[in-house]
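What follows are several structures.
Two complexes are shown next, each including chain A; its partner changes from chain B in the first to chain C in the second.
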Partner chain A sequence: MGLPETKQSETEARVNALTMPGGAAWAVEARNEALARVQAKGMPARRDEYWKFTKPTRFVSVEPTPAALFDAQEEPMFDGIERLKVVFVDGVFDADASDDLAAENLEIGRLADATQADIHWVKDLYGMLETRGQDPVDRPLAALNTAFATDGVVLRATGPVARPVSIEYLHASESSDAILHHVIRVEEGASLTVLETGPAAARFNKCMEVDVADGAAFHHIRMQGRDHERQAVTHSFGRLGRESVYKSFTLTVNGVLTRNEHVLELLGDDAVAHIAGACAGDGDFHHDDTVFITHDAVNCESRQVFKKVLRNGAVGVFQGKILVKEGAQKTDGYQISQSLLLDDDSQFLAKPELEIYADDVACSHGSTTGAIDETALFYLQSRGVPKSIATDLLVLSFMAEAIDEIEDERLRDDIQARLEGWLARRRS
Partner chain B sequence: MLDIKNLHVKLEEEDKVILKGVNLSIGSGEVHAIMGPNGSGKSTLSYVLSGKDGYEVTDGEAALEGADLLDMEPEERAAAGLFLAFQYPVEIPGVGNMTFLRTAVNAQRKARGEDELSAGEFLKVVRERAKTLKIDADMLKRPVNVGFSGGEKKRNEILQMAMLEPKMCVLDETDSGLDVDAMKLVSEGVNALRSEGRSFLVITHYQRLLDHIKPDVVHIMADGRIIKTGGPELALEVENNGYADILAEMA
Partner chain C sequence: MVALDETQVKEGVDQDTVDAVKSLGGAYKYGWNTDIEMEYAPKGLSEDIVRLISEKNNEPEWMLEWRLVAYRRWLELKEPDWAMVDYPEIDFQDQYYYARPKSMEVKPKSLDEVDPKLLATYEKLGIPLKEQMILAGVEGAEDIDADAPRKVAVDAVFDSVSVGTTFQAELKKAGVIFCSISEAIQEHPELVKQYLGTVVPQSDNYYATLNSAVFSDGSFVYIPPGVKCPMELSTYFRINAENTGQFERTLIIADKGSYVSYLEGCTAPQRDIAQLHAAVVELVLLDDAEIKYSTVQNWFPGDENGKGGIYNFVTKRADCRGDRSKVMWTQVETGSSVTWKYPSCILRGDDSQGEFYSIAIANNYQQADTGTKMVHLGKNTKSRIVSKGISAGRAQNTYRGLVSMHPKAKNGRNYTQCDSLLIGDKCGAHTVPYIEVKNNSSRVEHEATTSKVDDDQLFYCRARGMDEEEAVALVVNGFCKEVLQALPMEFAMEAQQLVAISLEGSVG
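Let's look at the complex of A and B:
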């Protein structure tokens, strides 16, 4: 079955503009297979069901739309937290700014090196979870990433890793186009926290494959940079073993176009997956959270909590699906997506989905959109709190359910402070 | 302290007149009670004084120490010294009670040109005042009114009052939903705040709250007007005979 003509030509143009990095035979093979997936699926188009709410044009174009640099004038994120820094500037590894790539219970390296070598777990994983995530929904931008990623971080936790690994992305060129791919394996009983922060590039395509073994725990906290014009598409593919934990939280403020996809498979009994996101957009802002969670084991729990605060024409999108396969009994699935629209110009588009093939499960989903609660606003004002500050308190109140998903108190405080800062700067 | 003259109020969205010429003057340090049957306009009066949206003042005035209240935003009225204890305190998930209190206290201080309280100073005062209202550390930490019982919510209102130190306190059916012990506790909190420079307007259906918070003056409100004013004995009369006699007498 051939692709429609436009799709075909767009795909060819996109692929031809990129150079596939060389490497060990296995890596070249994995990349060529990924390229074949790209060519079979074609680049996403607005007519595709999965892209109904988000225009993929800027991700598909040969040249990225330039993005002006932005001086955030604030302390780097997570600065007060003991962490192992890995820094990329416009997608290029910065050895000077990074810490020594070494920590107890952790194998850590760069993808650019790992694809030249023969490291069994990188070899096994690279492109593997991405490929699994292509069924039943095509994710061609992730396949494109596997084919052409220039670098990334490879991590293997073999026990508890005390310091979080913080991947910090700086944006220094207005026309940069970065493709990074991280490969993460958390071995049985091990635990690892990965932090991500920064705008990365004018256009950023990031893919992360995370294999969480039996009894292992993976935590992911992300703050996407404040650059207004940056564009980002990210994919997180996770596979969860028995009694494992996968928890991810993302704060997004600003950004003309962001699409974050999470694709998780719960394959071992008693696994737990929590995905949360809080985003705040003002004006030219389009944020899309697309989540696909597959329950394929007994007694697993999944939670999706997404909150969006939108104003001045900002757009929020949520597409979230829970698929409970046959035999995945005692599944506990929860999904909530909510938006707070601060004016009439903003928009929230939500598509919650449940597909269940087991008869003994508890799954719930809810989606709401609303304005500031006038009664609560009056209550605060009647105590002397000016309207603008009262509104901010109610925004924080609205976001709390998502932010409370962050277990680590310091990380939670950091994220909360960022959100408060964003609100304070916009106070009327 | 509070002077209300010929206040006429209608609902903004519909042609329904609720207050039809209220006159009320409360002196400094006085406690006045307003009683009246359902729908007489008691709660509306409290909302109009504190600046809630949805009401239109068609005539009359209301002034706090000579300053025109009706012209101010709700937060300005609060900073000027007005406080409304809500009949139904609002739950605000995700905002800590302490954060809320400190934001409110400091916003008012700022509006009055005073220095903000430091976290340490604030904590000391709030702990001390919370203790007398039997509000524990956990209630201070929890989100505003979330999961609070009816009694806890009302105690929390009085704590806010104690922290904000208003000049004019309006209590809107503070006794509703309270058992006898809770009413006693809340009343003690209110009585502790009685002083020369602070006045109270207590809105209630029942005499029993007035056993604890003893008013100087009692007003009976019906159909948007104050129809009778007297001493504490007026509340007893209502308790014994209901409103029917008074209404008949005025008719």
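Let's look at the complex of A and C:
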């Protein structure tokens, strides 16, 4: 069936405005296949069920909407933490600002180089998990990313990697449009932590494919935000082997438009996946967390914890789904999405879904929305805490369940401090 | 099920109990059909058929026009495909849109004139239409005279026409109008004109639009201001004819300060070919009015191999226009091979309330996609959703719902609980809630769980001598308790039994 006319023309316009990077034959093939997926699915439109709550227009337009640079001085994120820095400025690798791309138990490189070479694990993975993630829901922006990504990081952990790899995205041009794609493989028994921070570009399309082998562990901590006008759509595709662990946490503050999709498949028995997110939005802010977790093995656990604090017309979206396939017995699936609306203009839109085809499972989801608890506020005020500080305290305690998902204490403290700073700046 | 005939009845167990249990033993017990001479409109759907239906009902011009607008709109619409149901394409030209018993050609003036065969049909279904109406086991409802049997007025719809409505005279004394919608179009055109299509507009959705074009009959209720309807009203829908779709339309208007409890039941014969049922129910509530709408849907669910059954595509919506009005939907969905049904509440009036209690059971190859919409528009509006879905065999059961708090719906409250129970590893249970909150004084809570029948509970029952099916039925009834309790008494009993029957053959 052909695409509707507008979709067809929007897709053509978007694709025609991009240049596909060259490379080794396998890479060109993978990119062309991705392009075919884009052309078959078409760019997302507001009428698409999957984009019901978030207008995709800005991700689809040929030119990005410009985003002013935030000029305040800010402590760099994760600065006190021993880490391996990989820096991109508006999507372009910055060798001077980055550390040497080398660490023990780690193969690390740039996607731009890897696609010229013949590295078996990059070749096997690139576009593969993204393709798997296209069923049952279309994710054309991820396919667009595979087809046109200009660079990214390729990582392969062969044992425990001591230093986290920190991918830092700087934003220097008001009209930049960046497409980055990371390929990550954590081998059997290995462990790796990836940090991400920064606004990246005026418009940022990022895709990350993570293959976690049996008994391996992958941790992902992300801080999105800063430049208020930036727009980002990100996809994280994960595949989990037996007894593996995948944990991801994202803090989002600022950003007119953010859509973070997580697509995880639990394919090995006893695997554990935790996805958490905290977001604080003020004013012209639209934040969308879309999660799709597929249980296709026995005795796996998945947890989704999302908290949003919204004010001055900010909009929070949560679309979460747990799919338990036939035979995925003993599944433990948990999902919670909560929002705190600090004033009357803000909105929370949610679609927490369960789709279950196995009977011996315990799956639950909860979703709540409401204003700050007046009784708690009164309690704090009656003990001499000024209202604004009391409000912040209650916001922090509301966020705690999500932030507690971060295992590493130093990273947790860093994220907590960033959130506190954001609140303090807005204290009335 | 243990064959009861061979079971030694223990001392102390009375014969009634044995009979009651026995009657639950069979498969679908309403699967027989009535052999009666029918009159059909030609097969297929066209403007001419719409005209014909209108003519058969002797409708005024404005009604025909209304239907034609809907029909033309329907031609432009596409069948919805978003529900988690899967069925072969329906050939809308390969069925009859109008079928009525020959004897109904001249409308009987009273029940005495109705073809005895029709009366016998309802009798057999347990719905005696003769005005002695004593429903088994419900004597002595506390709010009426303790010695008098509780009365229920019934409108009986057989394929495309209403066969008769009981207790009309007595209701009239109270000012209540209860008749078939075709009668209402004749007798009370001003009310029909004022309200028909105002809750579910002609072009609302594919099936509602189809219904607007071809609806043949249904019930009409008007409760005047301040009147508490003296008895429960009920409509019983029976599909009998083959290859015939039933398209009924119900319109209930509860004027200021009035109250009515309305029950709806449905059955159909067991046939190999699936049949279509696309109804529209509109409820209008003015200030301080209250409607309780209870449904026990027991259309033929198809056989254990998924053959036949009713496609139940229904649009039900209540419009709480008045302040402090209150509506309560209770449904027990055990039948139909495919269910597509979302009884909804538009909470427009300030302080209005909507409640939705649902049990949906899907066994064998049944598919149910059902839930509710609570649209909060007025201030201080409250809603509550309790949904219990049970899947067994190879069935798929989906809860799909919407809770929407509009910016002006200050201090809105919603509580949603949807639980799913899975019996067997070949079935599916799904939850698709939409939550939209656009102001911060409202509070919305949603909870959902999915689990299997608890082994400990089963073991406990088995240890006390129950066979496995009885034990499962008991546990499931416990799981559904909150909803069963919301049903009027007559239905609660029937529903509990239905829960047990529907799950028959699902264990072991």
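Everything below uses one rule, namely that the second predicted complex is superposed on the first by the 427 of 428 C-alpha atoms of A that agree within 3 Å, B and C clash if a C-alpha of one lies under 4 Å from a C-alpha of the other, contacts with A are read in each partner's own complex, and residues count from 1 in each chain.
As a convention for this text, a contact is a pair of C-beta atoms (placed from the backbone, for glycine too) under 8 Å apart; a residue touches a chain by one contact, two chains touch by 3 or more.
Since the structure is predicted, the reported quantities are computational estimates derived from the model, not experimental observations.
Once the two complexes are overlaid through chain A, chain B and chain C fit side by side, free of any clash as defined at the top of the document.
Look at A:Y379: by the touch rule set out above, it reaches chain B but stays clear of chain C.
When the shared chain is aligned, chain B comes close enough to touch A:E401, but chain C does not.
By the document's definition of touching, neither partner reaches A:P66: not chain B, not chain C.
Of the two partner chains, chain C is the only one that A:F348 touches; chain B does not reach it.
In the superposition on chain A, no contact is made by A:P76 with either chain B or chain C.
Touched residues of chain A were counted for both chain B and chain C, and C has more of them. The superposed three-chain arrangement places the nearest Cα atoms of chain B and chain C 14 Å from each other. Of all residues in chain A, only 49, 326-327, 329, 339, 341-371 touch chain C in the complex they form. Residues of chain C that touch chain A in their complex: 82, 84, 405, 407, 410, 420, 422-452. Across the complex, chain B is touched by residues 374-376, 378-387, 389-390, 393-394, 396-401, 404 of chain A. Of all residues in chain B, only 50-53, 73-75, 77-79, 83-84, 86, 89-90, 92-95, 99-100, 103-105, 107-108, 111, 143, 160, 164 touch chain A in the complex they form.
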